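Labels for the chains are A, B, C, D and E, by order of writing; each one numbers its residues from 1.
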Amino acid sequence: MSVLPYLAAGWIFLIGVYGLVTSRNLIHAVGCLTVTQSSTYVLLVAIGYRRGGTAPVFSDLPPGARVVDPVVQALALTDIVVGATVTALLLALVVQLRKRHGTVDPDKLAELRG
Amino acid sequence: MSRPVRLWVFLVGAVLVAALYAWACFDLPSFGGDHHPYGDRAVRTALAQHTANAVSSVNFDQRAFDTLGEQTILFAAVLGTVVLLRQVRGERRTDPTPAPVADRVRWFGVLMLPVALVVGFYVVAHGPLSPGGGFQGGIVLATALHLLYIAADYRALERIRPVGLYEVGDAVGEAAYVVTGLAAVLAGSAFLANVVPHGTFNTLSSGGTVAVLNIAVGMEVACGIIVLLARFLDQAVEIEETAEETGAR
Amino acid sequence: MNGWLLAAAVLLVAGLAPVLWTMAVGEPRTRLVAQNLSTVLACPVFLLAAQGFGRPSYTDLALVLAMLGPAGTLVYARFLGVLPRSRVVLGTAWTVVPATVLPLCVVAGPGRAMAKLLVIGVLVVAGNTVTSAGTDRHG
Amino acid sequence: MDEVLIAIAVVLVAAAATAAVFHRDPLRQSMVLSLLGLFLALLYTFVQAPDVALSQLAVGSAVTPLMILLTVRKVKRGPRSGSEDR
Amino acid sequence: MAAGELLPLVVAVPLLGSAVLVAAGRRLTRIAADALGAAFAAGTVALCVFALIGVLEGPAVAWAGGWRPKDGLGVGIALVGDPLGVGLAALASVVTVAAFVYSWRYLEEPPPRHAGGFPALLLLFQAGMCGFTLTGDLFNAFVFFELMSVVAYALTGYRVEEPRPLQGALAFGIVNSLGGYCMLLGIALLYARTGELGMAQIGRALGTGEPDALVLAAFVLVMTGLLIKAAAVPFHFWLPDAHAVAPTPVCMVLSGVMVELGVYGAARVYWTVFAGPGGVSHSSCTRTLLVIGVATAVLGAAMCWQQRHLKRLLAFSTIGHVGLFLIGVAVLTPEGVSGTALYVLGHAGAKAALFACVGILLARYGSVDEYELYGRGRELRLVGVLFGVGALALAGVPPFGTGLGKAVAEEAAGQQAPWLPAVFVLVSAVTGGAVLRAGLRVFGGAGPRPPAEKADGEPETSGAEEEPETGDRLGRVPGTMLAVPVALLAGALAVGVLPGFAAAVGAAGDHFADHTGYLGTVLGSGSALSHVSASPHWTAAGVVLDLVSTALAIGCAALAVWRPGRTGHPGASGWWTPIRRMQSGHIGDYVAWALAGVALLAVLTVPGMLL
C-alpha cells in the first residue's frame, strides 16, 4: 500500500500515452491526453497525503488538528480547471481540422511530410 | 512509420520509462508519510492570515503569482478557442430550430437553473472558508447557465446569454486580478501582496485580498467557460458551410 | 472500525464497480443508464464519507454532484437522441438515497446540517427521477 | 479503514483510465471519461482533498462531456447540415 | 524603483495589455488594436531594459506577494533577476515588438468583432516568455511553460482556412502538452523528496542527500519537458510542421526566442537544481546533453539541406542551431554559457530577419517553394540582399553576433573534446549554405532551372501553392515589412561589434554558471562570484574558424546551384530517404518518439550516477 498510488499514477500515464500512439481518431487522442493529464494529479495528491490527517480547511476544525499538505492540493486544483480549457483548445483544432481535411484519422492526414 | 514499427518504438520506450519510474517510486517517502515541511509552514501562515481554507490561502495569498499564471493560461486558452473557432469566409450562420424535449426535462432545467446559480455563488463566496473557491465556483456557474441548453434548446440559451458581455467579463476578471496585484505595489508593498486587513477568522470577509482574488478568478472562469461553450455550440449547432465549400478542399 | 466508511466501501464495491463493468461492455442505452446510476450512487458515498471522516464541510461535494449529475446525464441524452426509461435508477434513487440520508440526519440532529442533508437528498431524488423517467418517442 | 477506501478508489481509477483508453469511439469514451472523473473525485475525497474533488466534479461531470459531444456532433455532421435536431 | 520590484511588472504589463485588448477588442478598429498592442509590448521592452541596467552589477531577487523567507524557509515564489534571464526577457520582448510591427500590414483583415484577438495572443506570448525567464520557482516555470505553449498552439493554427496549419498546430499541441505533463511529474517527485518548490531551495535540499533513482527520474522527466520545448532530437518532430504553417510573425517569435528558451530552461534547471553534490554529476549531464546536442545539430543541418519549402528549411536550420546551443551548454563552463548566450542573441536577429524575408516572398508571390520561385525574386533587390546577409550571418560570418558567439562556444567546446569545433563549423556551414542556395536561386535566378516535379514521387511538402497570408497578393512591399528585417540584422550585427556588450554577457555567464552563488543570492547568504572568467572577445582562432565556415557555406551553395547533380539536390532519393520519411506528420509517431526520447535520456544519464 505504501507505493500503490504512485505506481497507479505511472500506469495511468503510460496507458494514456499508449492510447495516444495507437489512436485512429483525433477526438479519442485528445481524450487519452486528458487521461495522461489526470495521472499527474493522482501523483501530486498522493504525495500530499498524511496518514490520520484531514483536509486543511479549518472552518469546522480546531486549528491544532493534524492535516494533509495544502500546497499540492492548490497546485492540482488549478491545474484541473486549466487542463479542461487546454483540452477545449485542442478540440477546437480538431473541429477545424475536420472541416479542412475531411477526416479525423491521423493516418489519412498527408499534408506535412518529408 | 507503419503501425507495428510505431508500436515497437513505443513499447521499448514504455518498458524503460516504466522501469525508471517504478525504481524512483520505491525511493519516494512511503504513502501517508509524515514529512511535509512546506505544507506545515503553509498551514501556519494561512492561520496567521485568518484564512480558514489553507488551500485557498496557498492559492490566492502565498503563491498568488502561480495562480496569476494559471488563470492567464485559462484566459489564453479561451481567447485561442475564440480565435480558432471564428466564422470564416464561406460559412453562414443558421438560427437553431427548437429541439423537442419532454416537459419534465424542460421544467427540471428551468427550476434547477436558479438553484445551481445560488450554489455556484455560494461556492465562489465561501472560497476562503469551506472547500471551494473561484475556480470551482466559476465552473459550476457556467454549467448552471448551460442547463438551459441541456434541458431546453440552444434558442432558449441564446436569448439570455449575450456572448459579447461575457467576453468583456472574462477580460475584466483577468484585469481585476492584475490590478489588485498592482494596487499592492502602489500601496508600497510587493506585487500581489495581501495589504488589505485580514478581518476576523472564519468570516466571509476574512483573508484580505484572498476574497477579492477569489471573486476575480470566479468571474473570469465563469465568463471564460461560457464564452468557450458558446463558441463550441455555435460551431456545432449554427455555423454551416455554404454549398460550394466542401469539407476537404 | 468506522461504520460509515464501511458502508461507503460497500457502496463502492457493490455499486460503482458493476457500473464501470456495464459501462465498459454494455450497448448505448444501458451505458447511459449506467452513467446515470453512477451519479446516483456517488452522492451517498460522498455523504457517508463526510460523516465517516467527521467533516460536515465535505457535504458541499454531494451538493454540487446532486446538481451536476443529472445535468451530465441529460447532456448524453441530448446527443444520443433518446432518454431511456429505467426502473433501476428510479428504484435506486428512491431506496439507497433515503437509506443514507435519514440515518445521517438522525446522527446530525436538528439544525443547519440536517437541512443541508435534506436539500441534497431531495435534489438527488428529484433530479434522477426526471432523468430516469425517460422520453418514449425518439428525441 | 481509510487506507482500504483509498486502495479501492485507486484500483477503480486505474480500471476506468484503462477502459477510457480502449474505447475507440469518442462518444463511448466520453462516458467512461466522465465516470473516470467521478472516481477521481472519490479518490481525492478519500485522500482528504475536497477542493480538488470539487474541481474534478465540476469539470468532469458536465463541461468536458459537453465539449467532446459538441465536437463529435460537428465532426459527424460533415459539410452538408445533417438531419439531426439542434 | 529597485530592479527587483520591476521584475513582476515585466510580466504584469503585457497581461494587462491583453486583457484591455480583449475587453475593448470588439469596438477597436484593426489599426487601433495593433497600435495598442505594440504600445504595451514596447512598454515591456522599456521595463526590461531598466531592469537589465539595474541587474548588471548582480542578480536581484523579488519575492512575489512580499513572502520573504524567514531564516531560509519561506512559502512564497522568488523572481530572480539574473543578468542572463533579464537579457533573454528583453530579447523576447524586442522580437515580439518586431512581430507586432511586421504584422502591422501583414495579416489578413480579421473578422469585424475579433480585431483584438491576434495582438492579445502576442502579448500573452510575451508575458509567458518573460515569466519563464524571470521565475526562480520550478512550478512557476512549469506554469509559464504551459502559458507559452497554449498561446503558441492558437497562434500556429491561426489560419483556420488552410488545412496544413491545423495539422501542424495539433501535432505541436499534443507533443508539447505531453512534455508539460512529464515536467509536472518530475516536479512532483522533487517536491516529495525535498518538500520545496523553489529552484534554489530544491538545489539546497538535494545537496544534503545522495543521488539516487528518484533524482535521476526527476532530472529525466523535467529535462524531457524542456528539451521538447527546445526541439532537441528525438523530440524535434513537431517544430518543422509547426513552423512551416504558422503565420510569419509567429514564426519569427517561435524560432527566434521560444525554442531557445527551452535550452535556457534546461541549463537553468541543471545549474540551480541538479548541479549540487546530491544532484546529477557534471560528467553525466555533459554526456547526455552532448549526445543529444550533436545528434540534433547533425540531423537539423542534414534535413535543412534536403528541404525545398523555405519555411521548413529555416525550421530545420533552427533545429541545427539548437543542437549547437545544447553543445555549448553541455560543456558546463561559464565560457560555454556566455558563448551560447551571444550565439542565441545573434541567431535570434538573423533567423527572425530571414523569416521576415520569406514572409515577403509569400505575400508577394503566394509561394515559399524554392523551385517555383526560381528567379522571380530579382525585382526585390533589398530583400535579396537581406536574405543573403542573413544566410551569411547564420554561417557565422565574423562581424556578426553569431560569429562571435560561435567562436567563443567553439573554443569552450574545444576544451571538452577536440572534434566539437568541427561540428560547429560543419553544421553552421551546411545550414548557412542551404539558405544561401535558396537565396541564390530565388533572388538571383542562378544556375540551371531546377526540375519542377520530383523525380521519384516521394511525398514531400513543397511550399508551392500556398495561400498568401495577406489575403490577396501584395503589389508593393509595405515599409514596415522591410524595416523589421533591417533592424533585426542590425541588432545581430550590434551583438558582435558593440564594445562592452560581450563583456557584460561574459559576466552574465559567470553569474549563471554558479550554483553556490545562485543559492546564496536567493536564500540570503550572499556569496561572492566563485569564478570570474575572461570576458569573451574576438580571437584570431575564432575569426579563422568563422571564415572557414563562411567559405564552406558559400562553397556548398555554389556547388548546389551550379552543379546540382553532384551534391544531391533536395528531394533526391538516396540513403537519406528513410530519415526523411520519419518526419511523417503523424501524431502517433511523434508521441512514440517522445517516449523513446525519455528512455534515451535515462539510458544516457544513468551510467556514472547509479550503476
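Operating definition for what follows: a residue touches a chain if its C-beta (ideal position, glycine included) is under 8 Å from a C-beta of that chain, and two chains touch if they have at least 3 such contacts.
Keep in mind that what you see is a predicted model, and the values were worked out from it rather than measured.
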| item | value |
| --- | --- |
| Shared chain contacts [chain C and chain D, defined touch] | A, B |
| Interchain contact steps from chain C to chain E (minimum; 1 if touching) | 2 |
| Chain of greatest Cα-centre distance to chain B | E |
| Chain located farthest away, centre of chain C as origin (C-alpha) | E |
| Chain-chain pair with the highest tally of contacting C-beta pairs | B-E |
| Inter-chain centre distance, chain B versus chain E - centres from mean C-alpha coordinates, in Å | 31 |
| Distance between the centres, which are taken as Cα means, of chain B and chain A, whole angstrom | 15 |
| Geometric centre distance via CA averages, chain E-chain D, whole Å | 37 |
| Junction residues of chain B - those touching two or more other chains | 6-7, 10, 14, 17, 21, 26, 28, 32, 36, 38-39, 42, 53, 55, 58, 63, 66, 70, 73, 77, 80-81, 84, 99-100, 123, 130-133, 135-136, 139-140, 143, 146, 150, 225, 228, 232, 235, 241, 246-249 |
| Residues of chain C whose C-beta touches two or more other chains | 53, 55, 57-58, 60-61, 64, 68, 71, 75, 78, 139 |
| For chain D, residues that touch 2 or more chains besides their own | 2-3, 23, 48, 50-51, 53-55, 58-59, 61-63, 66-67, 71-74, 79, 85 |
| Which pairs of chains touch, using the document's own definition | A-B, A-C, A-D, A-E, B-C, B-D, B-E, C-D |
| Chain A to chain E touching residues, read off their complex | 9, 13, 17, 20-23, 26, 29-30, 33, 36-37, 39-40, 43-44, 47, 71-72, 75, 79, 82, 86, 89-90, 93-94, 96-97, 100-101, 106-107, 109-114 |
| In the complex with chain A, residue positions of chain C that touch it | 53-58 |
| Chain E-facing residues of chain B, complex | 1, 6-7, 9-10, 12-17, 20-21, 23-24, 26-29, 35-39, 41-42, 45, 58, 61-66, 68-70, 72-73, 75-77, 79-84, 86-89, 164, 167-168, 170-172, 174-175, 178-179, 181-182, 184-185, 189-194, 248-249 |
| Complex interface listing, chain D residues touching chain B | 3, 50-51, 53-55, 58-59, 61-63, 66-67, 70-71, 73-74, 77-81, 85-86 |
| For the chain B and chain A complex, residues of the former touching the latter | 3, 6-7, 10, 14, 17-18, 21-22, 25-26, 28, 30-34, 36, 38-39, 42-43, 46-47, 52-55, 57-59, 63, 66-67, 70-71, 73-74, 77-78, 80-81, 84-85, 129-131, 133, 135-136, 138-139, 202, 221, 224-225, 228, 231-232, 235, 241, 246-249 |
